[in-house]
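Both complexes shown next keep chain A, but they swap its partner, so chain B is in the first and chain C is in the second.
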Partner chain A sequence: MLTRSELARYDRQIMVRGFGVEGQEKLKQARIFIAGAGGLGSAAATYLMAAGVGMIRVVDHDMVELSNLNRQVLHWDEDIGKKKVDSATEKLKRLNPSLKVEAIEEMITEANISQLVAGFDLIVDAMDNLPTRYLLNKVALEKNIPLFHGAVYGFEGRAMTIIPGETACLKCVYRGVIPGEKFPVIGVTPAVIGCIQATEAIKYIAGIGQLLANRLLIYDGLNMKFTEFRLKKDPNCEHCGQLVRGKK
Partner chain B sequence: MKIAMAEIPMERTIKVHFFTGESKEVSVEEAKKILEEIYNDPLGGLVADGKTNEVIWQIGPDVEEIIVLEMMLGGG
Partner chain C sequence: MSVRVNLHPNLHQFTNDQAIVEVNGNTVGQCLDDLVKQFPQIRQGLFGKDGKLLNYVDIYVNLESSYPEELAKPVKDGDELHITLIIAGG
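Moving on to the complex of A and B:
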């Protein structure tokens, strides 16, 4: 049940046809796991928090550095040297104090991932490396939790939504492993993609619209083009090949 | 009077577009090799049918052009 203050705060989105009070109540009940408090995570977490998602858990093990500040808008100049999760949760709590934000300063590993995502309704993949993205993909499939993937490079970004048992997963699309490297990125690119991930998450929770399911959306900021590629589940996929569709 | 024209079989070619903007026209065999290289590359990548924008794992008989997408991982 929404309070009078919540009805006022979210008035403009409650007005959206198909979303309404019911959609807002669903957001209030939702628990979202955000892997990464960098460029993608900053944008996604900010808009999910502003939208009224009841509980957000942010996991990251990095410290804020000067070179992060062109894109990681939850971290400011005064935060350099602080833990990213602390810097992020401080801003998110100030943005929407009535909601719950949890910060976990840990590296996501095969040993802890299952416990970290337990009890969450969906996972936002805001990571910067492929091995951890694969871990998120695997745990999402195992636990039947939708995964909202985003990636960026320069002016280009990609997004796709993975519904376990129904759609192609990350491993159907990518097979290799790129070694960790410093990559170029214009600050606005993760903001565009992070907002697309947040939009997908909101739609999923509210049960409205058409998701980026079996669709890889590619944003080319340099030429200002969006291109969509249709995906299919790879029957031989080592992560989801054997997965039978199951409801939570 | 009808003049019989000898039919010269045309070799099927595939247009290859790289998402970076570069394009070239290659034989089917060469296109298959490009696809194989992309999927065997440890860095990964994707190949899509240029007409349907559907991700493909082999060059079927209807494929006329392909788009090669490189792997992407950035996010932080």
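Moving on to the complex of A and C:
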């Protein structure tokens, strides 16, 4: 049940046809796990919080550095040297004080990931490396939690939505690894992709629209072009090959 | 068989900054062979020392994934290839 204040606060999105009070109530009940408080995480968390998602858990183990500030907009000059999760949750709480935000300063590993995501309805992949993304993919499939993937490099970004047992998963699409590297990025690129991830999450929670399921969206900011690749589940996928929705 | 190949931005360094290259071939593999013939330096961006396609290179034919056995996938005149590289930044 929405309060009078919430009805006023979310008035413009409640007005959206198909979303309404019901959609807003669903957002209020939702619990979202955001893996990473960097560029993607800053954008996704900001808009999910502003939209009224009831509970967000942000996990990151890094400290804020000067070179983060071109894109990681939850962190400001005064935050350099602070834990990213503290810097991020402090801003998010100020943005929407009535909602719950939880900060966990941990590196996501095979040992802790299952516990970290337990009880959450959605996972937003805002990581900066493939090995952890694969861990998120695997746990999402095991626990039947939708995964909202995003990645960036330079002016390029990409996003896809993974519904366990129904759609191609990250491992159906990506099989390789790339060496850990300091990657180039224009600050707005993760903002575009993080907002696409947040849009997908909101649609999924509200049960409206068409998801980026079995579709890999490529954003080319340099030429301002979107390309969409059609994906299929790989029957031999090492993560989801044998998975049928609802059966783990 | 003329096929348009759209190259990932990180591969433009091997093609004199050309984003799209016209190639000939009846399969994806033949198209890549022609691409390498035109721009020999691009081999290092696509293939490992063992001659196999690098596992972070993805190829789409007419916007559909060509995995698995990408190189054997047939193509026809007017088809479009996209060669993409995995990205992981956040």
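Just so we're on the same page, the second predicted complex is superposed on the first by the 246 of 248 C-alpha atoms of A that agree within 3 Å, B and C clash if a C-alpha of one lies under 4 Å from a C-alpha of the other, contacts with A are read in each partner's own complex, and residues count from 1 in each chain.
Convention: a contact is a pair of C-beta atoms (placed from the backbone, for glycine too) under 8 Å apart; a residue touches a chain by one contact, two chains touch by 3 or more.
This one's a predicted model, so the numbers in the text were calculated from it and none came from an experiment.
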Partner chain(s) touched by A:Ala198 [first = chain B, second = chain C, both, neither]: neither
Chain B versus chain C as contact partner of A:Leu130, first or second or both or neither: both
Which of chain B and chain C A:Ile145 touches, first, second, both or neither: neither
Chain C-contacting residues of chain A that also contact chain B: 36, 38-41, 126-130, 133, 150-153, 156-158, 173-178, 183, 185, 190, 218, 227-232, 234
Contact footprint of chain A on chain B as seen in their complex: 19, 39, 41-46, 48, 52-55, 57, 67, 69, 71-76
Chain B-facing residues of chain A, complex: 36, 38-41, 62, 68, 72, 125-130, 133, 150-153, 156-158, 173-178, 183, 185, 190, 216, 218, 227-232, 234
Residues on chain C engaged by chain A in the complex (per definition of touch): 9-10, 54-58, 60, 63-65, 67-68, 82, 84-90
List of chain A residues in touch with chain C within their complex: 36, 38-41, 126-130, 133, 150-158, 173-178, 183, 185, 190, 218, 220, 222, 227-232, 234, 236
